[in-house]
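Shared between the two complexes below is subunit A, which pairs with subunit B and subunit C, respectively.
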Partner chain A sequence: MTNHWVDIKNADVVLIMGGNAAEAHPCGFKWVTEAKAHNKARLVVVDPRFTRSAALADYYAPIRTGTDIAFLGGVIKYLLDSGKYQKEYVRNYTNAGFVVNAGYGFDNGIFSGYDPQKRSYDPASWAYEMGPDGYAVVDPTLEHPRCVLQVMKRHYARYTPEMVQKVCGTPPEAFLKVCEYLASTGVPGRVMTILYALGWTQHSQGAQMIRTGAIVQLLLGNIGLPGGGMNALRGHSNIQGLTDLGLLSNALPGYLTLAGDKEQDYEAYIAKRTLKPLRPNQTSYWQNYPKFHVSLMKAWWGKAATRENHWAYDYLPKLDRLYDVLQAFELMSQGKMNGYICQGFNPLAAFPDKAKISAGLAQLKFLVVIDPLATETSEFWKNYGEFNDVEPSKIATTVFRLPCTCFAEEEGSLTNSSRWLQWHWKGAEAPGAARGDAEIIAGLFGRLRALYAKEGGAFPDPIRDLTWPYKVGESPSAEDLAREFNGKALADLADPKDAGKLLARSGEQLASFAMLRDDGSTASGCWIYCGAWTQAGNQMARRDNADPWNDGQTLGWAWAWPVNRRILYNGASVDPAGKPWSPRSHLTAWNGSAWAGSDVPDQRIDAAPDQHVGPFIMTAEGVAKLFVPSGMAEGPLPEHYEPFESPVAANLLSPGNPRSFSNPAARLFAGDAARLGKPEQFPYAATTYRLTEHFHYWTKHAHIPAVLQPQQFVEIGSDLAAQKGIANGARVKVWSKRGYIVAVAVVTRRIKAMDCNGTTVHHIGIPIHWGFKGVANAGYLANTLTPFVGDANTQTPEFKSFTVNIEKA
Partner chain B sequence: MDMDRRQFFKACTGGLAGSSLALLGFSPEAVLAETRNFKLTHATETRNTCTYCSVGCGIIMYGLGDKAKNAASAIIHIEGDPDHPVNRGTLCPKGAALLDLVHSQSRLKYPQVREAGADTWTTISWDEALDRIARLMKDDRDRHFVARNGEGATVNRWLSTGMLAASASSNESGYLTHKVMRSLGMLIFDNQARV
Partner chain C sequence: MSSLQSLDIRRRSATTSASPSVREQLSVAKLIDISKCIGCKACQSACMEWNDVRDAIGSNVGVYDNPPDLSDKSWTVMRFTEHETEAGRLEWLIRKDGCMHCADPGCLKACPAPGAIVQYANGIVDFIEENCIGCGSCVTGCPFNVPRISKADNKAYKCTLCSDRVAVGLEPACVKSCPTGAITFGTKEAMIDHAAERVADLQERGYAQAGLYDPQGVGGTHVMYVLQHADTPEIYHGLPAHPRISALVALWKGALKPLALAAMGLAVLTGFFHYVTVGPNDADAQDGGDGDDDHPPDAGRPARI
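Right after this comes the complex of A and B.
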């Protein structure tokens, strides 16, 4: 989240789209209720289903699954045509005036630079026009025909209310009503927040759906303000933390990135990531990349990371492609992987196309499952009849199952979606011989290191030299690890502004990432977490819930990254003169000599307004990007593409172009293309989701949730039920090209048939929570049905839009 | 008589119930009405965070045992933390039932192995489990580690073994997991954020 849960209370309008907070984040959703009750906020919900969030909405509009870009593209057109956007914000705080290269183009669904063989773009033609001064050319009048605002006007001209109706199935009056609610916040003094979750990420164009929402928020001037922002509600309790810590195939801690094969030259690797300002006087905070990177390498390899060996650059692996989970199971199914470790992760249930996942696991030599619970993955080899029909004797994978502690039996920090690192304490011992995750990993690593010391082997250097400064080496404590990712001084750090002054003595914990150096004199395992455990102690364990400004910022509760800031980009909450856009905002204001307020200012503290330092300090532009010159796989502006399995025959926004029916830059493996269905056999749009009583595949192991929602079901609209002769409570078989499930039908008026350009589209809702392990009634893994294709940028699977058929069982 | 509530309950459970209650000046009805608090009065409170979704609700766990070295602890009740700025003491249906997850009959207790082709689990020791896994990992890494790609460029990666990390584990566990796995050259490495 750019903002945070409590801050929702400051909103005037709440848009929930691509999520269902009332169901999936109930205690966070209470702040929507608070905004409605005490801030006269209006809640707008756009969803294929009339959800629990919709039940509390002031206005609900239906939408066909997977068409959110068409809908929000229509909103962008509405705002630009009507002029109901925050013009001063757009002019000063976005790249609306930046002039795009003359080579940029867009033709019937495809942007310039496309290579159909590689299914990828060369983004060179999307770049800004550069001036003779070395900076990007900007037209502050926003009238240059190639400035971003004008490019956007042309791009979204096709996204009319009639087009929205045909593509999304949303009636024009409903669409325009939503536009009016949103546009009401395009003035200083009124703010909207957008709350979204996996309903936006789990599409083949999910990242661009989120960007479309962000563009709407920028046009309305709602980013950086209390009650505003783009708020990813996220999933697991520490999914934010593991993302921050970079546990992803292409990442390093703190959003640093691994090098590619072609980046053999360390200086070039660093230079590419050290973003130089594109406009005069801008912060471009990624200019500090070398400090963050060198401090990470010092934390991991200590004295072995030297200036001479480029801070152990070659100790890190290099990428020849993205090794996301879909790529991993593709390799596995080809027999190219031997080992796999699942730590608190149940891929047989969580990944698409269960049959492919199961076949992949069966090709492994060994599988290691580290979990508090007996998961489906750990027993993928065992026959559970119709729910898991396999023959153990034919599966040669050796499976180890290691019991670990659960939350109640360990201490440490979790980062919630508000970016708060909250410390928790151990309440009891784990059952039996279960061990903590850190102890298990340390046990494996200690053995590996000993084997390499004894026997030698392939490139033992990074294993031999890895720092291990923990007081109890076999079981590193949470305190030791938290101190390490925060970071410390490796030498006395003199103040660069005053050589006689020491900022920190050698060995002391660092107070903030502003203290990090690129000369090897600091170590920090995750630069954005620097400040979590300072010389003053554990900041994550703070429990002062005081809210002196009554705006919900509670700066003394836990610790938020970065530098305890609660609202990102809060420098944009003030006008260019340094005065808050709204008299209700206290986040930050210029007091004549410094920025100060109820939050930690997101600005250089002494950057006076007349210096025109843009509030988006992480971008090279200093402003937010409506148009992205690079970094998005499928284009600089969001464009609607159909899901890979769609119930309609044509993409009406680029008619007649087979290349742009679905995301032209998404990766689809050949074997999986053959496992996609066509509307003739699979006419119904399907979408998977969670229920409030359950959490993924865990709560079926717990009695009360298993009693609250004991039996697998699917939801279908009454129109489809009547057509198919399916009674409420009847058993139905739902199948896709990849497999089938059998479940009870819940016939409901909360899912209505939609008319999309003459095609009647029925949705089938598929809750995900059942499986063949646990205390709830056994059921089918819902991901038996889902397709093996992901978002073009993140490869997050398209769980939210695919097609099925249905019959009485 | 100077007696706090805790001492009062002690007196009652110590066999002084019945007629002596009247001597103490209390009515037995009040004691019967207090049974829930009675249990928690003896419990040790521990602050924690709900393990389910990313709202990060504060919880208070009530445990038997005072955390003394020889006192076995057990969580007996979990409820919302009223001091927490987000949930203010409330929990959702699954959060309110967290205790059932802690004590689930599906909790794993001992390391186990399922040998190739077998249809049952065998319980093994931690040493045997970790020794065997480390051996398998090292042999695989030594055999398949790619120091240089086809063009002779240094790449130092290990692609034949991968890992999924747990996004319900702590930052500290996650950090250590990342540090260790990347030192092995592992690239097939993701957490739930990928899905």
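Right after this comes the complex of A and C.
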């Protein structure tokens, strides 16, 4: 979230799209009901289904699954055509005026720079035009034909209400009504928040769906303001922490990135990531990349990381390709990956195309499962009749099941969607032989290191030299780990502005990442978490909910990254003169000599308004990017592509172009392409989702949630049910090209047939929570049905849009 | 569930002795704002947890309602209704069902077992299972179809409004667990005030018929609803528009009660004079009658489960 849960109460309009907050985030949803009750907020929900969120909405509009970019592209066109956007904000705080290279082009669904063989883009032609002063050229009048605003106007000219109707199935009056609600916040003094979740991320163009939402918010001037923002509601209590700590195959902690195998040269690796400002006077905070990187290397390898060995750069693996989960299972199925450790992860249930996952696991030599529960993955080899019909005698994989503690049996910090690190304490002792995750990993590491010491190896250095500074090496405590990710001084740190003044003594915990250095004198395991455990102690354990400004910022409650800031980009909550856009905003304001307010200001504290330091300090532009010259796999502007399995025959936004039917830059393995269905055999749009009563595949192991939702079901509209002769409560078989499930049919008026350019589209809703382990009624793993294809940037699987067929069972 | 708590009893079933009246205990109420309810069932979960009841893991019968009905172990359930307004707007109305804690409780009036049903001075109507004889009269007497007779012990169960929690100054478990503020608890007066704010908000959003459900046919209730369509409560899964105690129970326990008592008195008096003037009757000549004060004529009919 750019903002945070409590701040939702400050919104005037709440848009829930690409998510179902009431269903999946009922506790956070209280702030929506607060905004409605005490701020007269209006709730707008756009979803293929009339959801629990829609039940409380002031307005609901239906949309065909996977067409959100077409819908929001239509909103962009509506705002630009009508002029109902926040013009001063757009002019000053976005790259609307930046001039794009003459080489940039877009032709019927494909941007310039596309290589159809590699299915990827060279983004060189998307760059800004650079001036003789070395800075990007900007036209403040926004009239240059190649400035971003004009490029956008041309790009979204096709996204008319009629087009939205044909692609999304949304009636024009409903679409325009949503536009009016959204546009009502395009003025200073009114703010909208967007709440989204997996309904946007789990598409082959998920990252661009989110970007389209962000563009709408930027046009409306809603980023950085209380009650505004782009707010990703995370699906696990600590999944934000997972991302922050870089538990992705190509990431390092704090959104630093792992090098590719062409980046063997340290200086080049650093230079590429040390972003120089593209405009005069801009912060471009990634200029500090070397400080964060070197401090990380010092945290990991201590004295072994020296200036001479480029801070142990060679110890870091270099990527020959992404090793996301889809890639891992592709390698398994090819027999090229033969060991796998699953920690808190149930891929047989949680990843697409169960048959492929199961076949991959069966190829492994060993599988280690670290989990508090007996997961489906840990028993993938066992026959559970119709629910897991495998032949155990033909599976040779050795499975090690290591029982671990669950959240209530350990202490530590959880990072929530709001970026708050909240310390929690152990509530109960773990049963049986369960051990903490850190203890298990430390045990594995200790044995590995001993083996290297005893037997040597090809490259023992990174294992041998890894720092292990914990009080109890066999079982590092949460406190020790937290102190480490915060970081400390490795030498006395003198104030660069005043050599006589000491900022920190050697060995002291650091107060903020502003103290990090690139000379090896500081260590920090995750720079954005620096400040969580300072010399003053554990900031995450703070529980002061004082709210002096009555705007919900509560700076004394736990600790938020970065630097306890609650609303990112809050420098954009003020006009260029330093005065809040809205009198209701107290986040920050220029008081004549400094920025101050109810939040931690998100700009240099003494950068006076007349210095024109842009509020988007993380970008090289200093402003937010409507158009991204690089960084997105499938183009600088979001463009609608159909899901890889779609119920319609054509992409109406780039008609007749087979390359642009689906995301032209998404990776699709050959074997999986053959497992995609066509509308003739699989005419119905399917989407998977979660229910309030359950949490993923965990709570089916617990009695009460199993009482509240006892049995697997699918939801179908009454039109389709009548057509197929399916009675409410009857059993149905639902199948895709990849397999089938059998479930109870819940026939509902909440899913309506849609007319998409003459094609009647029916949706089938598939909740995911059942499986063959647990106390709820046994069921089929819903991911038996889903396709093995992911987003072009993140490789997040396309769980939300695929096609199936259905009959009475 | 238990009378061993510091709540004064206002009324006891099948009892004529006076209740304590020295202490002043405020009338309480739970307000369920349907316009804030997302049907998450945290209240159902909390109810099971607090009260140590675990219903069976059932099956899906084509709806989100699970368990599909109230039971001796499910004292509250969510009722989901898909409703289309005259303007063609779909609404998903989600009502938390359970005991309404009537000010004039039909169950208590119908109950023949002394002290099996009590009404506390704060308005909570509670079943004291130790005294329950399992006759099912409370089921007949309830205009909301709430009490359920357990097959395990043949006693009646329903929501206690967490009388044990309220007695020590806590809110009911469902209120504590509600994430959206759809369930609130306080004095009845404060809840009526809060409801007025909510109704004003809904009316401002276009729900012209929004209102408070506090049906006077049962003297008002200590569980009330904020409804978007208070003019048609029936659309909320059959919430009765004009709930009343069954005419038979009301007649028997209301208007006829003094007459019945007078008739009893008269019978005793007549008997006395008969004894004095005529002498004792034979036992088999005594008139058992088909209904004294503790046994209405329909007592013992099968419970509606």
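One rule holds for everything that comes next: the second predicted complex is superposed on the first by the 809 of 809 C-alpha atoms of A that agree within 3 Å, B and C clash if a C-alpha of one lies under 4 Å from a C-alpha of the other, contacts with A are read in each partner's own complex, and residues count from 1 in each chain.
In this section, contacts are C-beta pairs under 8 Å (C-beta built on N, C-alpha and C of every residue); 3 or more make two chains touch, one makes a residue touch a chain.
From a predicted model like this one, the values you see are computed outputs, not experimental measurements.
Q: A:414 in the overlay: touching subunit B, subunit C, both, or neither? Say first, second, both or neither.
A: After superposing on A, A:414 lies in contact with subunit B but is clear of subunit C.
Q: Is A:141 contacted by the first partner subunit B, the second partner subunit C, both or neither?
A: Neither subunit B nor subunit C is touched by A:141.
Q: Tell me which partner A:693 touches in the superposition: subunit B (first), subunit C (second), both or neither.
A: A:693 contacts both subunit B and subunit C.
Q: May I ask you to decide whether A:746 touches subunit B, subunit C, both, or neither, giving the answer as first, second, both or neither?
A: It touches subunit C, and subunit B stays clear.
Q: Contact-wise, after the overlay, does A:58 reach subunit B, subunit C, both or neither (first, second, both, neither)?
A: Only subunit C; A:58 stays clear of subunit B.
Q: Which partner chains sit in contact with A:261 here, subunit B, subunit C, both or neither? Use first/second/both/neither.
A: first
Q: Quick check on the superposed pair: does A:708 touch subunit B, subunit C, both, or neither? Answer first, second, both or neither.
A: Touch partners of A:708: subunit B and subunit C.
Q: Determine, under the contact definition given at the top, whether A:775 touches first (subunit B), second (subunit C), both, or neither.
A: In the superposition, A:775 contacts both subunit B and subunit C.
Q: Using the touch criterion from the header, give the chain among subunit B and subunit C with more contacted residues in subunit A.
A: Comparing touch counts on subunit A for subunit B and subunit C gives B.
Q: Contacts for A:33 in the overlay, against subunit B (first) and subunit C (second): which applies, first, second, both or neither?
A: So A:33 only meets subunit C here.
Q: Based on the A-chain superposition described above, do subunit B and subunit C contact any of the same residues on subunit A, and if so which?
A: On subunit A, the residues that contact subunit B in one structure and subunit C in the other are 26-27, 30, 692-693, 703-705, 708, 775.
Q: Over in the complex, which subunit B residues touch subunit A? Could you list them?
A: It comes out as residues 44, 46-58, 61, 63, 65, 72-75, 78, 80, 83-88, 90-98, 100-102, 104-119, 121, 126, 129-138, 140-142, 144-145, 147, 149, 151, 153-180, 182-195.
Q: In the complex of these two chains, what residues of subunit A are touching subunit C?
A: 22-23, 26-27, 29-30, 33-34, 36-37, 40, 50, 52-56, 58, 60, 692-693, 703-713, 727-730, 744-750, 775-777
Q: Within their complex, state which residues of subunit C touch subunit A.
A: Within the complex, subunit C contacts subunit A at residues 35-36, 38-42, 44-45, 48-49, 54-64, 66-67, 74, 82, 84, 90-94, 179-182, 197-198, 201, 204-205.
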